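What follows is a single structure, written as structure tokens, with notes after it.
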Amino acid sequence: MVPLAEIAAFLRREFPQTKCVVEAVGDGTATVSHEVTVGELRPGGTVSGPVLMAVADVALYVAILGKLGVIPLTVTTSFTINFLRKPAADRAVVGVCTLLKVGRSLAVGEVALYSKGSEEMVAHAVGTYSIPPGVVPP
Amino acid sequence: MVPLAEIAAFLRREFPQTKCVVEAVGDGTATVSHEVTVGELRPGGTVSGPVLMAVADVALYVAILGKLGVIPLTVTTSFTINFLRKPAADRAVVGVCTLLKVGRSLAVGEVALYSKGSEEMVAHAVGTYSIPPGVVPP
Amino acid sequence: MVPLAEIAAFLRREFPQTKCVVEAVGDGTATVSHEVTVGELRPGGTVSGPVLMAVADVALYVAILGKLGVIPLTVTTSFTINFLRKPAADRAVVGVCTLLKVGRSLAVGEVALYSKGSEEMVAHAVGTYSIPPGVVPP
Amino acid sequence: MVPLAEIAAFLRREFPQTKCVVEAVGDGTATVSHEVTVGELRPGGTVSGPVLMAVADVALYVAILGKLGVIPLTVTTSFTINFLRKPAADRAVVGVCTLLKVGRSLAVGEVALYSKGSEEMVAHAVGTYSIPPGVVPP
């Protein structure tokens, strides 16, 4: 298992634009959270869709790092998200990723997104990352 | 047809977090561009995936506004993106949307994403927006 | 709860082309199985992709019927599938659906697909069905 | 360019379950058609969703064969479809594929689906095929 602190440090270097905090990393799982700021809201208090997409993308990335180690060059190849409910404007967005497959060239995972403290899923994403040649999955 | 300036003003109010500029709006089409900043790059000079997702989402939103008028409450329900090539780090990202359907409750469109000045698609997205009840498509 | 036998009978009428057997229906969940025939294999013993898509589509449909009752006119609006592992050629395909949302106009669910008797997911799908106006979700 | 007759013969061997006819293959494009039979309809005269999915999958496969040659082992890795309009019950379904990318390990294409003789798209799909190692794209 790759230590959480090592992943968090790598994430800050590789993905400097994310404000996501790595909450937990397990064997094929990861939880990240993202504090919502006023600039990320749309009128009516909805969290902007692209903010949710970004949190899901990072959760997937972190889960893959936790499985394969801190390898650079890993990039998203496809990503699908379904928006289910209006997220709370005043709570962090939490992304919980479960990897479905880690192969030689592709890793696939799903991400459930919540408003912190709520059990109702606000969005659900599935994404695929391309793994650079030569990385040996465990 | 809804004038471009009206859409651009509405976009700034409804979607204040986007830096996208509305370049053109046609009958079921829209082109937006987004200047890439250093903070949106990942090491190696790749534009962050969520940045591309956000530009595609806005292009789709603008095309719908151009078709239906500046209606609030329209929200993304599903969104799929495939990443095809590495975008240029030093060029704007351009999103070109073509609506595939504008029905009573859903609008569906596809978006081709390019690095400005290049004809090679860097990503391709398809998304669905939910239209609030009572809006009459033309 | 809608009885399984009622759903199975309705499925045979509404979806006569499916050979899927309804194994279980719960509150927002459904399990269906599909016996693989030689005509559904590709050389090398892979179950054809469209067969897996069809099983996932039916599993989602059955879960919605279990939640809303046997309403006709419900149709798929979007569907995404990721293929993860090669299914066994000599085992039934099993689809297990969990609904993520049942709203007024859309129902969204995810489906895990397995070869019968195995715990390794062979594919994962997410789909959306449009619900006709006037149906009241419970 | 791979001759159409060679692709059609290969398709019958590799994908014996499809009834699709290869209508045309170009440089990164393909058109296939599928005669709809009564067994593929749902009550009300709608062509079953999985039938449309299968036609789109074959159109994508044929376009890749046209580009790379008749290579076996190529399999779908991800597939997304949006259903737009009700297809005609008494017309063939036509799938027109345009490849968006043919890389070393993945090929991505989009498919527009029509009822034969109509210009209104009934569904739109995007899919990814995995290319076996060692195949050199042109």
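Points to keep in mind about this one:
Per-chain numbering from 1; labels A, B, C and D assigned in written order.
Operating definition for what follows: contacts are C-beta pairs under 8 Å (C-beta built on N, C-alpha and C of every residue); 3 or more make two chains touch, one makes a residue touch a chain.
All values reported here derive from a predicted model rather than from experimental measurement.
In summary, the chains found to touch both chain A and chain C are B, D. When you average the Cα atoms of each chain and compare centres, the chain farthest from chain C turns out to be B. Between chain B and chain C, the centres computed from C-alpha atoms are 32 Å apart.
Mean C-alpha positions place chain B and chain D at a centre distance of 27 Å.
Taking each chain's centre as the average of its CA atoms, chain A and chain B sit 22 Å apart. Within chain C, residues 77-78, 80, 82, 128 each touch two or more of the remaining chains. The touch graph of the protein chains shown is complete.
The part of chain A that touches chain B in the complex is made up of residues 13-17, 39-40, 42-44, 46, 48-51, 53-54, 57, 72-73, 75-83. Interface residues of chain C facing chain A in the complex, by the touch rule stated above, are 80, 82, 84-85, 100-101, 108, 110, 121, 124, 126, 128. Those residues of chain B lying in contact with chain C across their complex are 77-78, 80, 105-106, 128, 130.
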